[in-house]
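Labels for the chains are A, B, C, D and E, by order of writing; each one numbers its residues from 1.
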Amino acid sequence: MKLLVLVIRRDLMLAMRRRADVLTTLFFFVMVVSLFPLGVGPEMDMLRKMAAGVLWVAALLSSMLSLGRLFATDYLDGTLEQMLLAPQSLSMLVLGKMIAHWMVSGLPLVLMAPVLGLQFDMSVQALGILIVGLLLGTPILSMIGAIGAALTLGLRGGGVLLSLLVLPLCIPVLIFGTGAVEAIANGQSVASHLSLLGAVLVLALVFTPWVTAQALRISME
Amino acid sequence: MKLLVLVIRRDLMLAMRRRADVLTTLFFFVMVVSLFPLGVGPEMDMLRKMAAGVLWVAALLSSMLSLGRLFATDYLDGTLEQMLLAPQSLSMLVLGKMIAHWMVSGLPLVLMAPVLGLQFDMSVQALGILIVGLLLGTPILSMIGAIGAALTLGLRGGGVLLSLLVLPLCIPVLIFGTGAVEAIANGQSVASHLSLLGAVLVLALVFTPWVTAQALRISME
Amino acid sequence: MLEVTKLACSRGDHRLFSGLSFRLEPGQILQVDGANGSGKTSLLRALCGFLMPDEGEISWGGISTAKMEEEFYAKILYLGHLNAIKDDLNALENLRIAAGISGCLLDEQQAVSALQRMGLRGRERLPTKVLSQGQRRRVALARLLVNQAKLWILDEPLTALDVGAVHLIETLLMEHLARQGMVIFTTHQPLQVPGLRTLSLS
Amino acid sequence: MLEVTKLACSRGDHRLFSGLSFRLEPGQILQVDGANGSGKTSLLRALCGFLMPDEGEISWGGISTAKMEEEFYAKILYLGHLNAIKDDLNALENLRIAAGISGCLLDEQQAVSALQRMGLRGRERLPTKVLSQGQRRRVALARLLVNQAKLWILDEPLTALDVGAVHLIETLLMEHLARQGMVIFTTHQPLQVPGLRTLSLS
Amino acid sequence: MAINWFKYAAPTNFYGLAGKLIPWFAGFSLVLFAAGMYIGFFVAPADAQQGEFYRIIFIHVPTSILSMVLYMVMAGYAALGLIFNTRLSAMMASAIAPTGALFAFISLWTGALWGKPMWGAWWVWDARLTSELILLFLYLGFISLHASIDDPRRADRASALLAIVGSVNVPIIYFSVKWWNTLHQGSTIKFSGTSMHVAMQQAMFTMLAALWLYALAVVLARVRSIILERERHTHWAQEVAA
């Protein structure tokens, strides 16, 4: 438990030292979302329909972008070796890194989303559901992404390979998240979508730290 | 000139050392494009309208993502120091790296785009214009991106500079590129859009290598 | 305590060593010797479990280390070619985090005095990226001062160190041995420690 | 040829050295000496133009090096703490590319024989990431054998090298001096080269 | 018949066994393929609504089904390899991947060819189509991860982990996509299999069997070459090669 707190504090501290990286993720998110109206054209009706999808895809892409750094820097400077030699549970340590990653790259997106949603003329209700969905979904992205990040450690072109591995696995999250917003727009119940997201989150919390720890041990050999 | 060929060959060799590397850039592009329908919904009419925009944004994103590697690895392992000490023109060397980057990450996208366009049910004419636009536009993305990549090296706040500088600079490319496709869909002439893209390409070819070289010298200090 | 029997390692198609056996008891120090590429680093990494040996057994107090996992990690301190310090953090933060991960929490005072003993007075609060190569190595080596591990596994600890620092490391090793610690290390520079045994990888 | 007058450098708030003056003529070799963090690396990087000095002048044949740019780069070979080799390429490719960038194209035969002289026989075609620390340094040092530069600027060239390789480097330095070359370098290990001068950064 | 399975878990023994089996699998596959083609093209009648075009299902359906089955088989082998550290299982997994990917690709390709006349579009974002596409991506991810790692042991273990995670995800993907789609679009034309002509069924099952055997033969052949490559420094491998 102490280890968990230590690791989270450490990663947050590192992120604060490099505030630029955090801002870049956020900025990337904003840019992707804002580029769309430019690429697609200014018809409000169409924009409103695609809003949730665009925001979710942008969130997925920008959390992917920051995933590359999750273990890579620790790997390059030898810190990861030391972590693997920690006399405590590696899964716990990995969980700490996942949580820190989410706080740095997921949470800001969630906080930013309402502002961007307004640009697309989303209703307040839909915005609310979008936020809840993102709040449940972005941690899953961080956790599934961590597996990919661990598997691709030290490989050339790791960043892109990482996306290739992780994006297909993240698709259910995307679909449930946008599905919820769609449902509210059509006046249906959102409970099922959100509870599925919640279930996936719990599953991920239980299994991904262990899987990632195994992946790290494999990659270190 | 020899230096140019040497550098291009070197970077291509590095990319080819892992066949997966080139392919994964491409897969990333495919994934991004395929994610959008998943987020937005499967209605063909809407998809056809957004097709060009989605393809262009995806091309922009995937060439941005692979830009991270353009100078960073050379910086970390000390090769960049040696390049700055090359007794030949640094601009030429930089141009070589840009060309290689485009061949590895831009060209495959252009070749892949028609297949993806079909998924969105684009017309053959629109596809043709899309390809020509991408062919003119993706080198510009590589070249402008290189400036950002050079500035992000080691500089504090460089990450933000990259996004702040590069994405806005790339927006005209995006707009001309999608504009051309839009024009053909509406039966207007595409010549003006494409010739503007061509003009930007020539400008970029002339100025960006030099600017990037200066940025590298600044970053190295 | 540490016992290696008939160990064989290979990398790629290349057999590095085979039939390697030795024992290390409390208070003993062993230098692994050999030319560049003879497999010193590989041996040390195999001891840590980073590298799966082809054959042979590594055991600690009679139990195979592969089975002990975390329990064994609590007994060792590994310092590799890489310094395992974060460029963006300062020496103090680096040391406290490294110690925390290896299981002993330090307060600021302990960390400062360890760094000062390593000759980093006045540099404790600079981000380590501005430090010189030797100063960075010293930050990494400061872990030796704040660790309860019994077995030190050091891969070329003297890299980039000046003469004064080399003497300091010699002193530290002797203190550790006097506490019944064990050391296995590699180096290409001569090191004066009484009771030093060498193991040659031809 | 190389003349440094009243050079002063500082990093952050920290003045490393000031009023540093020396000359280096063809056939001369200069060792920059000093404890960890005394500014040796900074001095060498200032010579290459990577670091702007606070005061003073660096000139080559009477012309300020800052003004010469590419012309000066053709005269020097710099080898820093980093090896400047690509992990994914093999030793041969690394050497040929490095030579090409510094302006002399090598054929395969020349590169192979340089690598073999550096003791990498049989390792020429392995990706350098699998090489040992010392072997990687040897790949970097092979550039010394295929370069026409007059002035060698070497920052701790002996890092990670075994005894045999250290002797080899001594020989290379002597050959270079005999060709009227110049060397300025740092190291914390003793190096036997006749005519060696030292410059101490206290 | 008592077969000593453990004997064949060793790559060297398996090499010989596979060598003996391949000609049989390949031969039967060819015969069945010819038979399936014959029934499909000459015995089965033209479809009432779809004319001659429907005959593409004789390729499309078997490849679709096999692409999914092969993924599970691959993940199973990967899990075995990871848990029991048997080298042969990992080799089997990496030998299956290209064939699985090929089938997924053919399924997409034939589906697209069929879709143009049937739906008027090459591609529709329907649940089955989308999850098949994602399956192809999973295969490609597996293959690229394996190809990106030089050390064979690490490559085997890393990609095995990925395959297992993927297999947990495949059902989630399938249902999520299905659900996502049915929520706002149910208009995709469905072709019900119940009213199928007997000859059509026969052709389809014959083709399925033929492609199964083809997959077996190809996978075994690929495993043999992987074994040879991995064991190239051993005596027996050099003897075999010579």
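The working rule: a contact is a pair of C-beta atoms (placed from the backbone, for glycine too) under 8 Å apart; a residue touches a chain by one contact, two chains touch by 3 or more.
A quick note: this is a predicted structure, and the numbers were derived from the prediction, not measured.
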Message = Please report the minimal path length, in steps, between subunit D and subunit E on the chain touch graph.
response = 2
Request  = Please state, in steps, how far subunit E lies from subunit A along the shortest route of touching chains.
outcome  = 1
Query = Taking each chain's centre as the mean of its Cα atoms, which chain lies farthest from subunit E?
reply = D
Task = Tell me, please, which chain's centre (mean of its C-alpha atoms) is farthest from the centre of subunit A?
result = D
Key: Most heavily contacting chain pair (counted by C-beta pairs in contact)   = A-B
Message = Based only on mean CA positions, could you tell me how far subunit B sits from subunit E in angstrom?
response = 35
Query = Once you find the CA centre of subunit A and the CA centre of subunit D, what distance in Å lies between them?
reply = 45
Note = Separation of the C-alpha centres, subunit C versus subunit D, in whole Å, is 29
Ask   = Which subunit C residues reach two or more other chains?
value = 52, 81
Task = Give me the residues of subunit B that touch two or more other chains.
result = 14, 17-18, 20-21, 24, 27, 31, 38, 41
Ask   = Where does subunit E touch two or more other chains at once, residue-wise?
value = 137, 140, 144-145, 148, 153, 177, 180, 184
In the complex, subunit B residues that touch subunit E = 18-21, 23-24, 27, 31, 34, 37-38, 41-44, 47, 118-121
Ask   = Which of the residues in subunit B come into contact with subunit D in the complex?
value = 2-3, 6-7, 10, 13-14, 17-18, 73, 77-79, 81-89, 93, 220-221
Key: Complex contacts: residues of subunit C adjacent to subunit D   = 11-12, 34-38, 40-41, 81, 119, 123, 126, 130-135, 137-138, 156, 159-166, 188-189
Ask   = Okay, in this complex, where on subunit C does subunit A touch?
value = 48, 50-52, 70-71, 73-74, 76, 78, 80-89, 93, 97-98, 100-103, 105, 127
Query = How about subunit E: which of its residues touch subunit A in the complex?
reply = 134, 137-138, 140-141, 144-145, 148-149, 151, 153-154, 157-158, 161-162, 165-166, 169, 172-173, 176-177, 179-180, 183-184
